[in-house]
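Each of the next two complexes has subunit A plus one other chain: subunit B in the first, subunit C in the second.
Moving on, here comes the complex of A and B:
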């Protein structure tokens, strides 16, 4: 099966053009839309349905920075970064714990403005981390293989930030009822 | 997903939540995290001069199973020697809490946390 980048006709890069990706998604889904195969054979209809699933799965990977980075790492180095592992970097984890504590306090106080400001702070950390991961992917050239361990560690960090953002959203929704 | 009664009990009445000063003599701190689910766990032990864990505390941000696993392990390690504490297997935790297969990693995290706390304690002692 084609990897998600190939399926979408994209160069395997970490940074991608989001409007271009959405446009490609629409075109590709249209091409396999069930209506086009309404008079086709069962086999053609099934193939169109399977293709739709493949396209949607690949899109899900490409639009998520974490999953896109994992897919690219797998493609370039063969390393699977999707397993359940334990991270033990004390400095980083202590920082993450403090962020969750801050979130807990804001959530308990039902401080909506505080939560919005906090979300902005984490989003900017997430942006920086995405740029950071991109730098590591860019280091590949004829003289340098990718440092898969280092990239994995940086993807893990992005995953914790993402989780904090999900928790912030949940806290906001709880306040709004 | 249905949680077992024991998980719910630990989740609703977590034992030993809190912190010790990590600079304090005899305190070992273990920090672990699971990137796949974003859980963060801090587990601390307070060890007496003869190597017995007198007290343990935890702080976990994660799902019910992760909170229950860390709560349970703080109960289990109290009164144990640091070597005995390191012998605790994640499978014992998973069995006690009746964790479903998708939540086994929560018990692994708790085992890794106690190991990290013991090794932090040993490192501090050797200084």
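Moving on, here comes the complex of A and C:
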């Protein structure tokens, strides 16, 4: 089966042109979505569903920076990044604790504005981390080899920020009832 | 022997036929059917000119079934045998619905399907059967209006469901259609249908929010319309919140004013009817004089606004969550479309307008907009508009998961994932020689199984016996374009397909549906055997037509001469056999064509994708 980049006719690259990606999604689904075969034969309906499933799945991977980075790492180095990752970076571990603590305090105080500001802070950290990961992938061209352990750690950091954002939203929901 | 008809190359084998398709809005309070005629989508009226069919079914002692306004007449005189708001029972468990006051305690009972059933004299009727009665009346209405001859039928229907409906509720809706003898082209979400109805009018690109407050459900969907593609970005809502709650809260006020006994069911029914009158009249008036039983007095809009306000606030909370899920902010919403009769309530429009900081769109009758959108989609799906590029991309409304140790839910597919989608999971055996295992599939967002909806228990059998932990069972959860779940399992080291037995938690098994289909057909009127034969012949001609069209389209390009001939001869074989009366032979001839054209179908998909990507690159230059 084709990898997600190949399926969308894209070069395997971490940087992504989002409008181009969604345009390709639309064009492909116009051609193979099950609705196009609603009065077709059972085989066609089945094939359309399977193909659309593949496209939707690949789109989900490409759209999410974490999953895209994992897929690209797998493609370039054969390392599966979806399993457990041990992070030894003490600075990051410290920061992780601090962020969790801040979230806990804000939710205990039911501080809605504080949570919103906190979410913005994490979002900008997330943006920086995405740029950071891109830099690591770019290094391949200069050094000809990717440091997969290093990239795994960076992906883990991004994943942590995403998880924190989800938890902030859950805390907001809880306050609103 | 009949002569084969051979068309000139490049000519289609049949002149273009207009096929009849309809869109059905199967609502909690009212149902509608619409169709596209001469390019215009419109709802269809009954002989008296009514478009709305009240979703009420009455069963008389002599077995007569009445639906709609004629059933409504029995609501006060024979409440025990009159069923309204049956949609609220679809795909739910008895415990879920016992709190709903429309159904008195003695009216609802347990049934074999896990769903509650309604006691009608000595008989019980399940919600699927009751809904099928409504669908039959609507289909009949369409056949009359379209002048479809006796024996011929609607080619297919699109039925709308609340976006927030879970798998069991969707499956129940599809089963009802099957029992009513309808061919379901697709289940689509009500808000998506409404967007289609509006979008075609305005051709408006951008992000739209659809606020759909019906009788019994509330839905909010965020859609992006771009170049004819409607992409649902997120959907949310509450499948147990609706305009009926307004009526109930007003009825509560009336009952309190009139000092009615708590268990006076008839008085309660009357209060509900009166409450609806009061609500509707307060849409245009600031206050209204009310007489209910021994009580006479005035009710003001302000008074009921205060009562309704918390219900509307709940809907706005769901809006907030859904906009966030879509990764957007309220300011990104270009237009807000109002759907559902309950959005006529002035306070709803006012509060929604305030929240989105803009005037909501109400130009299409909110009662009819869903059916109209469904009709447009049905017309496209049946193939009447082959060049139309409108495409709906929908999402899974609620996360799918499986039960793990300690009654916890492990999410498999998160909500708002575009469908169709599939995910695979690998399991292993726990004991030596284990040949079976059970999977409990759950739908919902909470962490505990008990807080989510139980969809079904799948039992896998036929796993080859191995030592514990050696078997690798890959379970695939496939959600199709209707939002319905299918589960497949295979033992990967041996390639053995495990047999799956599905026990829906709140639904009918396939054989129960077939049983009901059989019993719903009046045997004096029509012979079952004949009906099955006709259905199989229709299916055969559909297959022949579809495969021929595909062969003509790109069979030469994608198949070797040998492959082409194999498919063509299977099709010819099917054509001959379909003229006979052997149902089993027709079935196996269809299977033969399917088997021969499987590879062709997937090559066609690949070719379409290649073409779509090339087209894209040209666009960019």
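In this text, the second predicted complex is superposed on the first by the 170 of 177 C-alpha atoms of A that agree within 3 Å, B and C clash if a C-alpha of one lies under 4 Å from a C-alpha of the other, contacts with A are read in each partner's own complex, and residues count from 1 in each chain.
Everything that follows uses one rule, which is that a contact is a pair of C-beta atoms (placed from the backbone, for glycine too) under 8 Å apart; a residue touches a chain by one contact, two chains touch by 3 or more.
Since the structure is predicted, the reported quantities are computational estimates derived from the model, not experimental observations.
A.B. asks: Touching A:42, do we find subunit B (first), subunit C (second), both, or neither?
C.D. replies: A:42 sits against subunit C, while subunit B stays out of touch.
A.B. asks: Given the touch rule stated above, what does A:108 touch, subunit B (first), subunit C (second), both, or neither?
C.D. replies: It touches nothing on subunit B or subunit C.
A.B. asks: Can A:86 be said to touch subunit B (first), subunit C (second), both, or neither?
C.D. replies: In the superposition, A:86 contacts subunit B only.
A.B. asks: Between subunit B (first) and subunit C (second), which does A:164 come into contact with in this model arrangement: first, second, both, or neither?
C.D. replies: first
A.B. asks: Residues of subunit A touched: more by subunit B or subunit C?
C.D. replies: Counted on subunit A, the partner with more touching residues turns out to be C.
A.B. asks: Contact-wise, after the overlay, does A:11 reach subunit B, subunit C, both or neither (first, second, both, neither)?
C.D. replies: The answer is neither, since A:11 touches no partner chain.
A.B. asks: In the superposed arrangement, does A:96 touch subunit B (first), subunit C (second), both or neither?
C.D. replies: Touch partner of A:96: subunit B, not subunit C.
A.B. asks: Can A:156 be said to touch subunit B (first), subunit C (second), both, or neither?
C.D. replies: first
A.B. asks: Across the complex, what residues on subunit B touch subunit A?
C.D. replies: Going through subunit B, the ones touching subunit A are 29, 31-38, 40, 42, 59, 61, 105, 108-109, 112, 116.
A.B. asks: Please name which positions on subunit C make contact with subunit A in the complex.
C.D. replies: Against subunit A, subunit C makes touches at 19, 156, 185-186, 226-227, 229, 231, 317, 320-321, 324, 380-383, 389, 391-393, 417-422, 478, 480-481, 542-543, 546-547, 550, 593-594, 597-598, 600-602, 604-606, 608-609, 611-613, 615-617, 619-620.
A.B. asks: Which of the residues in subunit A come into contact with subunit B in the complex?
C.D. replies: 82-90, 93-94, 96-97, 100, 104, 155-156, 159-160, 162-164, 166-167
A.B. asks: Sort out for me which residues of subunit A touch subunit C in the complex.
C.D. replies: Going by the criterion above, the answer is residues 8-9, 20, 22-24, 26-36, 38-44, 46-53, 55-57, 59-60, 169, 173, 176-177.
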